[in-house]
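Note that the chains take the letters A, B, C, D and E in the order they are written out, and that residue 1 is the start of every chain.
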Amino acid sequence: MRITKTVGLAALLALTTGLAHAQDLRIGLQEDPDVLDPDQSRTFVGRIVYASLCDKLVDITPDLEIIPMLATGWEWSADGTELTMSLREGVTFHDGEPFNAAAVAANIDRSKNLDVSRRKSEVKSIESWEVVDDYTIRFKLSSPDATLLAQFADRSGMMLSPKATAAAGADFGLNPVCAGPFKFKERVQQDRIVLEKFADYYRADEINFDSVTFLPIPDTTVRLANLRAGDLHMLERLAATDLSSAEADAGLQVEKATSLGYQGITINIANGARAENPLGQSAAVRKALSLSIDRNALNQVVFEGAFAPGNQPYSPTSPWYNKSFPVPERDIDAAKALLAEAGHGDGVTIEVQVANNPVQTQVMQVIQAMAAEAGITIELAAKEFATLLADQSAGEFTASQIGWSGRVDPDGNIHQFMTTGGGINDSKYSDADMDKFLNEARLSNDPAVRKQSYDAAIAKQQEDMPIIYLYHPVWIWALDQKVAGFTPYPDGMIRLHGVSVSE
Amino acid sequence: MTDIILSAQGLVRRFTARKPLFGTPSVVQAVSDVTLDVRRGETLAIVGESGCGKSTLARLLTRLLAPSEGAVVYDGRDIASLSDTEMRTLRRDMQFIFQDPFSSLNPRMTVGALIEEPLRIHRMGSAPERRAKVADLLRKVGLRPEHADRFPHEFSGGQRQRIGIARALATGPRIVVGDEPVSALDVSIQAQVVNILEDLKEELGLTLVIIAHDLAVIRHISDRVAVMYLGEIVELGDAAALFEKPAHPYTETLLSAIPIPATGARKARSLVDGDPPNPISPPPGCRFHTRCPYAQARCRSERPGLRTLAPDRQVACHFAEDLSLAGVDATMAARPAAAERRFAVYSNARANMTGAETNKTKLPTEE
Amino acid sequence: MLAFLGRRILIAIPTVFLISVFVFALQHLLPGDPILVMAGEERDPEVIAALREKYRMNDPVPVQYLAWAGNALQGDLGISLRTQQPVLELIAEKLPVTIQLAVMALTIAILIGIPAGVLSAYKKGTWVDWLANIVALSGLSVPNFWLGIMLILLVSVKLGWLPASGYMPISEDPLQSIRIMIMPAFVLGTALAATLMRHTRSAMLSVLKSDYIRTARAKGLREHIVLVKHALRNALVPVVTVITLLFGELLAGAVLTEQIFTIPGFGKLVVDAVFNRDYAVVQGIVLCTGVAFIAMNILADAAYRVLNPRMSDQ
Amino acid sequence: MTTAIPLLQVTDLSIRVRGTSAPLVDNVSFTLNAGETLCIVGESGCGKSLTALALMGLLEGTPLQVEKGSALFQGVDLLSAKPETLRGLRGDRVAMIFQEPMTSLNPALRIGEQIAEAIREHRDMPRDQVRARALEMLKRVRIPAADKRLDEYPHQLSGGMRQRVMIAMALANDPALLIADEPTTALDVTIQAQILELMRSLGAETGAAQIMITHDLGVVAEMADKVAVMYAGRIVEAGTTAQIFDDPQHPYTLGLMSSMPSLAGDQERLVTIPGTVPSPANMPDGCRFAARCPFATGRCKETPLLQDQGAGHRVACWHAPVENFAANSRDEVPA
Amino acid sequence: MSVTATSEIEADPLPPRQRSRAWAKFRRNPSALLGGVIVVFFLVVALLAPLLPVPGPAETDWSAVRKPPNAAHPFGTDEIGRDVLSRMIWGAQASLLAGVVSVLIAVLLGVPLGMVAGYMRGWTDAVISRFTEALLAAPFLILAIALAAFLGPSLTNAMIAIGLSAMPIFVRLSRAQTLSVMTEDYVESARAIGIGHVGLIWRYILPNIFPPIIVQATLTIATAIIAEASLSFLGLGQQPPAPSWGAMLNTAKNFLEQAPWMALYPGIAIFLVVLGFNLLGDGLRDALDPRDT
């Protein structure tokens, strides 16, 4: 009896999965996401999954304007210390719980107070909150925080079912319950994450798939091969070197967006004894190093010209880019002159640590070769990322090739790196003027005012150069020709609203 | 003649045959309660079939194995009580010859190094003296000094056994124990080695203890013979007397089983059926009773000890006095007179050949 | 036999203990701080402190070990630092994948290796022997990660015959599952086939030299009976032992193979865990593979005894 | 005896290692009549085992090959017959037992099966009859509790018992010829006596002719009707047992017998043969024994033929009988 | 001293001198010779790398990035415009060094441990054996990955990691060989002449367990070269810009489609050199095998 029942069940299951498969969107990810709890997770690919799983209070446009999502509108108090948001009505979480102001309050509370919450710093400025009515909430801030709305456009703004978080606590990630277009179905680590369509989604009409499957495939070649073989519908982060061949493939389409992040070399200026070297002590040497690098050539050699050379925390196409300091041309003579000026006319030797993945080591090898011509000998120390990070934060480095994935708000790309005591200021760079510029930029919600502050900060950064910016990655998506309606965003996310596959 | 050089007293050696997870391990008593005197200058043979414990006994006598019980007394000292260093020193006096000439020489050492090694270990002589001694030893065993830089694999079995003998004799030992020193060799080679052993014994005044299973060889070289069965000595006595008139039924069985190489000799026959019992669980009483044609009720329950039957004759049988056992009849192997004459001719020719040998180079082996 | 197994298991206990201490120590000597990575790009000190507390990183290493070992003895191997899944669950999830890969690889290896070994031994000194040896040596000498990427390039990218990667549980779609796995299994199987072939060959050669083969021929038995019933049957005794012992090699090979073909199995799990400093996962896996390895060793000895009548009643 | 067609007639058998010059077995010839026992005696490396293996067709697959010669057995030339013909004869008309009873039985198969397969291969018999025959054979070789032994593995038997099993296996199809290669060398003397006795009585019972290979002259005296003494690949002397023991002619035979200590214990020193057997790689020309022979002269550089000294007693020596030579040559050799 | 004993038996003529049988057997074995030639070829190339007329292994040419094989670059150029041939030649140094040094580490640590275990028996043996088993139970590559991660990615550390991971093989082998040598008659005969422990180990055990260890070492060099390549392939071996074949493959796998030559040549080189060592090891095994002569 039981056996027949089980068999029947299995057959049914097979049937339903078979059906679902027909309208399943398969997306290749570069790596396996970490825990699927927006308050705890930290990976880029995790955020790609959340884009289909968890709706946020606000969203962004491809031009980085902040637009309503679960919050339909918001209002700042005159002094910028109170933010009142009105919420969308008729939204339910995947478990059927209603979305309302109390749910928002619970979510903010969790982001701020869960002991292992990674979001604490992002919502630090929120001092308290007040549920005005079922669909209105008011946040009181300790000081004006222009960055807060942008935080709500990311993981801090993702709304989790309060019932589920209360029940699962820190284990929420094993079975996340949100309010996005798809709900969590299953996860096999390193193999797939399957989400299925949430029927009660408030924008259900924009969603054209019964399910979406994310498949982590780290090897770029293999990822592309799978796409070509029809096993995937799309993939994120196509290798720049595969770009031309993918573009030439009639079966594929390619979409691009310059990322918000950057890659650079962080230099130890005052982080312990390892700062005691020409590079750490002399801004001239740092500038010489920067001048010795041909950023265009670097982009050509390593990324076939697909990425964006850069010299600031913002890409040259960003509104926050300081146009007074264009990406410098390579100038060996100037670099040598700077070295001589700093008293190192016969050259310097520096060690740069780099994550031991092929692309980053390739970047550093090119830079190594370039710098050598200016008399700067670079010794590479390739480390695993975990080691690199530990050494960097402990000051066990001279210079470190590391990047930043980028934030919607300009503050996120510079403040914590350049201010005295900044959370990830591993250079231990400290300058009163810089602190002033960057802190002031937080206070105003007026973009023009902020732009002034950032221009000043960047001018200072170009002077002291605790970080030498190299380039800005470009997100490249490769899609099957049958996929329509995909919009690239500079945050690198995959938003499935309006995306469809023609059979 | 009654001077005792080495004496075994109540020697017992047990081996663990199998160790189960729980319960008592099964134990083989390879040598059980052997008491034996070796007289200075004699050749004592220990004989028995495989598994009777004779090789174990040989190793106990030279402390290549430590006894489980009992003592081995050499020159008034129990050698089991000696320290490692004292024992190593004693090995100058006490040497061993192994059965297998192919495996008992380190294949990675030259013959010279092998023979010199005991001298070096015991710090005997300077390097040139030792080299001279090696050359001398090589000549003594019928090899040439030039052979010293060759490796053992370049020699035949008989030559290797001679190298083994040279090595054993290097330190000028007083007693040499040989474990089947000639049984791995072909008849013609065996005879050469037997002769060398006998000559060297005489020349150097050695005492020999020879382990063997070939009764003809034993008869030829030994003064006294000890017969072993399942770890025990069942008979011990003067070689000639023992062969002529054995006192233990097992000795008789052994003697009767030997095929005699002569026409008209008696057919070899086995007085016993089947195989020796499993040494893990030897039969009670007399260990031979299961195969003994003369066994009686007493033999099944009471274990006969080794007792003196006559001067120079000990036996472990309840009925030794009552039995009249058959020995070897010397006339059986007699040859016709014509044949005897021919053998004499051969012997003469052979002797002449040897005399001429020193001058004569190799005969027709030009290539 | 029971006593034998009992003794072997008793002896294995200190080994397992050593493995666990070893892995634990090694893990905690590894440079790099997983907490820093886990804390996210911002590396908020508060979060770091909370995480250290949560994963007991502040305790002295021996205390951590005892806590871990205590839980392990109760069947709790902890949770993954990265995804918070229980390690045991992860292992249970990955095990069938690697087992499928291993079984297919072993099947391929056996199907190629044993007949090739028999043939090569029987035709010793002929061109058949020579060819089989060269092929086997090539199988041993080609780095399997290279073979893997070359095959992907050729079979999947250029020819499009087989999927380049992925995994399909055999319960869902057996045919597709095998289709996906056949290439990795082949890559993993080649080296094993070579090893098996060489072992079979040398076992056959030594058996063919033995006296009882001469006896069998002296009885006038037909050659195939001599070869299969008398020679192969005895030659298989050491070969079966080798097969069970190949398990370790199989696991090591699976590490790279799974990496290349993105197969979500044990090997990939462990590599990612090492790189991510996911202590609990690495510990759990190495402990499990260690235990499995020892179990396979015991099995090998047991198989040897079963196959070899001389040993069976001891 | 001379009128009957011999059971086996071996003529000029030569065996050599493929691609080398000196044959390991050189022009060996002998005849064997039904019911007779021939002992081939010699020291290790004299080619006696090779001769046996060649007759069984068991040299195939080794580097050795039969260079020439014939061996007529019941109308078939064992040396040139097709492998399939030989296979049909082996284990049926011609059977063989080997020196090492410990290794000559397949350790993985039960005793009963090993005997049974020899029967099945040559006889079309139902299964239970085969088993009955196997049991009967075990009983005939006087293995105690034979029905129990049938299902045991070789390792459960002692060496002597295994040799009995080998004999049972060899005789299972009532062969006309049994070749025994050192069947008792690995056994203790009391067991040897049992096995020799068994072989003698079974030989008489079945009427099978036997070729027994041995190095032990005692065994020869016990078993043989006829003897062939081999040295370095050649038969140097052949004759009846009485001829060999009572009238040994060849210097090697004489040396061999002199080398043996006597049980009677009457010799002071053993009279030995000097030197060692030449290695196959350095086989001397002419008489291969010359280098070790006390009677050797320049003439010995020519190979002596096996010549009849009367009554079928054949000797391959230029100087036989040696007493005549020794007497004559005394003057020739300068002192 | 009297010569009565020697007068009876004449001194034997010298047996014909036998040249080393092992060498003779080795020379007659074409595949072993082929293996030797391959290994020697790569050794020579590795040693002569600085003298060969190729560009430096780190010399870049921005105008020739990932160019297929051509006259100027017979094996093409790599992802940042370096000459693949030159990197192969210099990479040979890393690969061979890794193979030899790691096996040397394994032998130097493993053989004494194994000999001590086999010689002392008892609890020493038990401790060493359990320890070895524990090491063996962690699969080779997993252990090597963990060790390499622990020590930090570099060629030296990869060699140490591989050496340590390969050590148990040598412990086991030398233990087993020691045990078997200890049962040999010549060891007993050495004890019978009163040899001490040091002499026994040094003159008897070591020389006699050496041939199988040499064979195993040769074969393990082959494995170690693959292991180094595997570790480099995972980014745990040779670090840029210094070349090793495995590291080259690691990079090359990202350019399989655009620049297959980058993967092809290092792969072939690894294959050839590993094949060479395997052939050599097999040849040595046959040559040194005392069983059939």
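In the analysis below, contacts are C-beta pairs under 8 Å (C-beta built on N, C-alpha and C of every residue); 3 or more make two chains touch, one makes a residue touch a chain.
Here the structure is a predicted model, which means the values were calculated and not measured.
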Contacting subunit A as well as subunit E are chains C
More contacts between chains, C-D or C-E | C-E
Taking each chain's mean CA coordinate, subunit A and subunit B are separated, in whole Å, by 89
Taking each chain's centre as the mean of its CA atoms, subunit C sits from subunit D at a distance in Å of 53
Subunit B and subunit E: spacing of chain centres that average the CA atoms, whole Å | 48
Between subunit A and subunit C, centroid-to-centroid distance (C-alpha), Å = 38
Would you give the residues of subunit D that are in contact with at least 2 other chains, written as numbers and ranges?
-> 269, 272, 274, 276, 282
Please set out, as single numbers or ranges, the residues of subunit A touching at least two other chains.
-> 219, 221, 383-384, 387
For subunit B, jot down the residues that touch at least 2 other chains.
-> 156, 159, 192, 195, 354, 357, 362, 365
Please give the residue numbers of subunit A that touch subunit C in the complex, ascending.
-> 14, 17, 32, 34-37, 40-42, 115-118, 120-122, 170-171, 173-174, 188-192, 215-219, 221-222, 225-226, 228-229, 231, 383-391, 393, 404-405, 416, 423-424
Subunit A touches which residues of subunit E in the complex?
-> 58, 60, 62, 65, 79-81, 149, 152-153, 235-236, 239-241, 250-251, 253-258
Report the residues of subunit D in contact with subunit B in the complex, numbered from low to high.
-> 43-44, 144, 158, 160-161, 188-194, 196-197, 200, 215-222, 241-242, 245-249, 251, 254-267, 269-274, 276-278, 282, 284-286, 290-291, 294-296, 300-301, 321-323, 326
Tell me, which parts of subunit E touch subunit C in their complex?
-> 31, 130-131, 133-142, 145-147, 149-150, 152, 222, 226, 229-230, 233-234, 246, 249, 253, 256-257, 260, 263, 267, 270-272, 274-275, 278-279, 282
Residues on subunit D engaged by subunit C in the complex (per definition of touch) | 56, 58, 61, 87-92, 95-96, 98, 100, 103-109, 117-118, 121-122, 153, 155-156, 166, 169-170
